[in-house]
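Below: a set of structures, written as structure tokens.
You will see subunit A twice below: alongside subunit B first, and alongside subunit C after that.
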Partner chain A sequence: MRRTRRTHSLLSPLCLLICMGIMTMILTGCWNRRELNELAVVLAVGIDSADGQYEVSVQVAEPSQMSRNRGSDRSPVSIFSQKAPTLFEAFRKITTKSARKMYVAHIRLVIFDEQTARNGIKEPLDFLFRDHEVRPDFYMVVTKGTSAKDVVSFITPTEILPSIGLYKTLKVSEKVWAPTSAVKVTEMLKKLTKTGVEPVLTWGKIVGDVRKGKTPENVKQPASFSEFKYFGVSAFRGDRLVGWLNESNSKAYNYITNKVSSTVGNVNCPHSKGDFVVEVSRSKVKIVPSIQRGEPRIQLETTIDANLGEIGCPVDLTNEATFLAMEEAARKSLMKILKDGVREAQSMGSDIFGFGEAFHRKYPRQWSQWKENWNQKFKKIPVEIKIDYKLNKIGKIISPFGNNLSKKE
Partner chain B sequence: MIERVPDIGFSSHLPDNIARIHSFMGKSSDFIIREVTIANRHRAALFYLDGMVDMQTVQNSVISALLDRSPAGPITVQIIKESVLDAGEVSEVASIEASLEHVLSGGLLLLLDGFTSGIIISLPGWEDRAISESKTQSVVRGPQNSFTETLRTNTTLVRRRVKDLNVQVFTIKVGRLSKTDVAIMYIRNLADEELIQQLVEKLSNAHQERVLEGEYLEEILLGKKKVTIFPIFYNSDRPDTIAAGIMDGRIAIFIDGTPFVLLVPSLFVDFIQSAEDYYQSYIYSSFIRILRYIGMFICMLAPSIYIALTTYHQDMLPTQLLLSLAAQREGIPFPAFVEAMLMEVTFEILREAGIRMPRTVGQAVSIVGTIVIGQAAVEASIVSAAMVIIVAITGIASFVIPSYAMSIPIRTIRFVFMVLAATFGVYGLTIGLIILIVHLCNLSSFNMPYMSPIAPYNRDEQSDAILRFPFWYSGNRKTKRRQQP
Partner chain C sequence: MITQQMTTRQAAMWFILFQLGSAFLLLPRVLAGTAKQDAWLSVLIAIGAFFLLVPLYTAIAKQLEETSFSDYILELFGRIGGKLLLCGFIVGYPYLLYIIVLRDLSDFLTTSFITETPAEPILVLMMSAVIYIVRSGAAVIGRTVEILFFLVMLLFAFGYVSLIPSAEVTNLMPVLEHGWNPVLLAAFTMLIFPYSEMMLFLFLVPNIRQARRWKKAVVKSALVSGSMFLLMTLLTISVLSDGVVSNIMYPSYFAVRTISIGDFYERFEVLVAVLWYITIFYRLSLFLHVSVQGLAVVLGLQDPRPLLIPLSLIALVMANIIWPNTAGYTAALQVWPFYSMFFGIFLPILIWMVGIFKRAKNSISKEN
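Right after this comes the complex of A and B.
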């Protein structure tokens, strides 16, 4: 009797519940409770290469400076940097300097210096992807001229947190300015693992007085002593930096990879001095691969919708011929940009546009032969550009002011 | 040990009867024995409890009638009953036990010398609370009256709304000492007859000493097997809700002495519905119902989600929000869980105090409470401002649940979820929610699955579950709860 009762009680819901509770405790691995005030929230990471070691600089938000009633004029962020042969080691070593554990889930920006980028960024990326805490949604930037540490410790206007400032600048300018291209870490990784397309990273540099830019003085007057400016994209081959694309060439890159959501372009006026500005509202480039006599060819079919944004030359817009001439001028100017961009990329031997991938899709058999020495092939590939340029709206006024005045006289 | 009245008849000798009744009733000062002589010949005695009978009517219809209108000829119990007394409810009894029971619930016992049977005149009349507005489930539009403590008034309030000859009322006495009248009201052909039989059987076999409120019955009816914090019986003090309930084919249980009437079977969705849902436009009512579900989830989960996110899953917060929460937590000495517990317990104390305290000191408590929770705690850096917001929204959300019976379990399991969130984070919350859902789906209210019509899903009944469809669509009833033809 007693025996049966005992077995019965073992199966009781309460007993099951306790068993389940114990199991949940034993079987899970996420026992890492941390209060918010035990964390140092890392917002930006700068990675420099020096003497065969990595120097990691982290920008950590000072929460006490974020509240509305902050008492002192302490800096809103703190910078910790540490040298170590590997990234992980460096991160752990930083705790010898900081009172709190580095919390890396909220990294907004990772900045590489030129040397690290040229040596290859696979190793740092491996850590950033492998660590379970890191959320892979940060932007990556290569800095030219200055060290990544300088950029991380740089003080930006407008935003209290410099890294948020740099992050938002990149995000906003990507939307409205064609040369800027923001690259998220996932995109970078995708391109690293693919063949037929080479990755790019945004590059920028500090313009102005670097030393003063790191002091609060930088933002104590309306015009700051120095600024961090994004210039364009830098081309990689594999995980190594091979060259910087200037503003115009970066623009070509963004056009060809269909990353332009809106931008403005400066065009010389036909038949007269001065410039007019077009605002591109829609652009679409189709990469059409073909094979002629066993050699690859690329055709770029471009469709552009643009509006007139500003006119700096005396033209009569009521005349259709003038308008068409302007459209043609804009077309030619874009053609030059694209041609130059492609040529520049070819001279670097880095297929950042993904021509290889287009061949891979359309001619998989040939591609398997070309795959090995694609970079050599890419350098010599003939690129034909076709542009269908449409100028649509001219804005709220028709002809420029000066024209009407001269007519009246 | 309570002495039971032996089941014996009356003797034909009146003084014997008086002595016997006296010995049973003891020397209570409110027990009145009025001896009269009818038509100058017959001795008779009236027994009643002072305050339980309507004295005015006793005077006019019984005492005056006996003294003035008694016929000159021979007098028998039959004659007195049929032609002298002009009260409405008159009956003959033979046993002392039965007659005393009537006396105890507001009747008069009339014994005539020389007869072995007595006459019971039922003239209950006592001071009662007037019908007033519902205090627990008020509405803006719709009937404003509510039940009182008197059983008959309550059944009448429902009957006046359902004037159908199929409306049936059963009354049984439950409680060895309290002998409370319990009435079961239902509509014949609509309600489940088997279930009514079950209820009556269980109630008559209950060996409860007292029944003062519906909860006593709920626990008798549910028995030992079902352990749950969720309400299985819907209760309401609104006659319109109960009338709608019996028209849905449910069974109403009235308990004498309490204005709260029970409805069975009851489903989870019933507790999120309010009488006013049917008195306002269906679009608005559906919207408000969704809002109530949201409120319920906020009440149950808001503090635990906050704890889980800020102590385990900081990566799930937007960066700016994380930084602003972190800024608020600077200098707070307690972990988020302790902080939340502190505030939630304080809030529950304030609420309990608010219900229980004398009305006159209400003002003071609410002012002190507001200042303690809101201002001072934050300024003293004991809790963070974000936590005050969380606690405030939780507290307010708990009032959105229209049935107090449902807000109790929701508020209680909130604490369980807080513990789960503090030990296992969102993982713990998920486990907790799964257990909760399994438990809810496992419940049934008198053979009906508690979560129906959501689980098991029934498309035809969705018209009045989470949303309220217009009356032309749904035929304004919850079809399934009616007995299947």
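Right after this comes the complex of A and C.
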């Protein structure tokens, strides 16, 4: 009885009217909706330090240039830059120059200039972490020599959007070329909170003519006037930049932190002039901490699987002894790279490899004593390197062609 | 008043969603703040400790027999004393929690998604759904929970299984670096919030009919939600490291934000918000259900339904003023376990002992 009456009352015209009224109020859409044509999608942010202030340069995609039948007379992106004491202020001040509000959820790349990185990046990063729109998936890069603004306003070949070009270059080269290392925000965050490991950021610079690189002329002929090139990683202490690692040392960093997925290395031939190239297919480094007479020691246990990729000297690969000699040469060459890399980081006093964390994990008690002056300890820590190097395959041909000829002579 | 029946399965599912509720977003931060990388140990200990509380709750559930929990309190402490105690309890615990959880909801949405929307529309929408379902009764809640439970599990699996590839075990080392004390302290926090809140389930004993079945639902739900918390804590800490987790407002949400697999399997963190919305909904409905049931007994009402709207309207106003700012909230969260402990642990002990005493007295007077 009761139930039938209730269903009836729900369907009564008055009730329906009220429900519809409520629905119209609820279904009005988002409170703070933002239409696509009111947004400027920020793809890259360049942060420069200039007389005590930050100069923020944002690269914004030009929507009209994204369509298929675009006119080629306008640049695909626009750059806005603004000086302000803080980042947030600068972002908001940019609205005085741009017709749209900056939408920062799609930032791919944040670029710091050398001065900002040396002064500490914690401050500028705080806004990027705190703001609800910014996503924790952008890469960070330090630029050497030129300002971040130059890098942001630079025109790249291949990709229409320069920031996507820079982003993809970094991503691709990280996979197949050991010295570069793409550092995402979350990794930076983690390293900033840990005491036993110092952060690194990739560094790069513009090579060539910076002024011409900023004009569309840069991509109007096959060879561009200038390009942005990633060189390696830069070492930090806390949130401050302390030094640049060159290509070989950056390689050592990526080997030791197990970031190498594939790379190639140049090795001198064992008995003759010329080089051969190994392609590393698998590499694993284990950091083994130990304590001897109360002092820390580090052992790096390295396992490498590699293939021969290119041979530039006359060798007879049907002979196993030659092959083993090449393996040994490759091992020695890697040993030198790792040793130099560790020495360089030690001289900078920046534990980018996370040796401290290794002690923290294995010897928490001693670590709590060393934690305070770990940087001093790290500089003097003896590092022993063990390498188990395996050359496996040699590719589609056996010995280099023309070997027989040279033997006849 | 017609008691509405629920199956054990429905009850267990409701309890699981209830426990996930607010804790799902807040717990990892709270635990990692105290126990650092050992937070997962705290989860294990908290669940273990909770099973020590289960016999206590079950004993009370057995004492209840056919009466409801609110009537039982009146029976134990007399009409006046019982009503005072019950009123204090309802206002100080389930109803206060109702207000706090409403605020949690608006805080999360307005910091992470819709920053410019004021809290009221969010709360009004949520509350109208909660009022409607509580009005429909426990049986209806039981049936809806059976549908939405699997959605929650699916979303959980979707969000957190994808975190496994980016987890690094090294972030969980070294184990017990700062000794047992912080671990136990964090475990205590978790035992109180959300586990000791399960004493509110005593109000639902008549809906499940038997104390034995009630116990089964409670144990099952604690096991499921506990393993979900364990997995979540392990994953958030091993993905983000304890230092980061303890400094992020909603780490379990942030962790899902970092997922990016193959450049297309990414940016689905809003699913976590959906998951949370559902769990919060069942949490709120339990609080409101208990509050109106209890207050109806205090006020001598036959039908608790007229209380739904007034209580919710008061809560709507209270939710916005209960703490002045986010910092106040963080401070409140630190003392909360000690406050909540009185209702979650001490009050049940008191009720249980008085119950034994009364029964002994009754049997003696019967013999005489």
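As a convention for this text, the second predicted complex is superposed on the first by the 372 of 409 C-alpha atoms of A that agree within 3 Å, B and C clash if a C-alpha of one lies under 4 Å from a C-alpha of the other, contacts with A are read in each partner's own complex, and residues count from 1 in each chain.
We adopt the following convention: a contact is a pair of C-beta atoms (placed from the backbone, for glycine too) under 8 Å apart; a residue touches a chain by one contact, two chains touch by 3 or more.
Small disclaimer: the values here were computed from a predicted structure and weren't measured.
Following the overlay on subunit A, a side-by-side fit with no clash is recorded for the pair subunit B and subunit C.
Between subunit B and subunit C, B contacts the larger number of subunit A residues. Look at A:348: by the touch rule set out above, it reaches neither subunit B nor subunit C. In the superposed model, A:61 makes contact with subunit B only, not with subunit C. By the touch criterion defined above, A:137 lies against subunit C but remains apart from subunit B after alignment on the C-alpha atoms of chain A. In the superposition on chain A, A:362 makes contact with subunit C only, not with subunit B. Residue contacts after overlaying the shared chain place A:193 against subunit C, while subunit B stays out of touching range. Aligning the two complexes via chain A yields an angle of 50° at the C-alpha centre of subunit A, spanning the centres of subunit B and subunit C, rounded to a multiple of 10. Shared-chain residue A:36: touches subunit B; no touch with subunit C.
Once the two complexes are overlaid on the shared chain, A:108 sits against subunit B while remaining clear of subunit C.
Superposing the two structures on chain A brings subunit B to within 5 Å of subunit C, judged by their nearest Cα atoms. When both complexes are aligned on chain A by C-alpha atoms, subunit A residues 30, 32, 135 touch subunit B in the first and subunit C in the second. The residues of subunit A lying in touch with subunit C in their complex are 26, 30-32, 132, 135-137, 184, 186, 189-190, 192-194, 357, 360-362, 364. Remark: subunit B residues 310-312, 314-315, 319-320, 322-332, 335-336, 422-425, 427-428, 431, 435 touch subunit A in the complex. Of all residues in subunit C, only 111-118, 121, 125, 170-171, 173-174, 177, 239-241, 243-244, 247, 254, 257-258, 260, 266-267 touch subunit A in the complex they form.
Contacts from subunit A toward subunit B in the complex involve residues 17, 24-25, 28, 30, 32-37, 39, 41, 43, 61, 63-67, 103, 105-106, 108, 133, 135, 161, 164.
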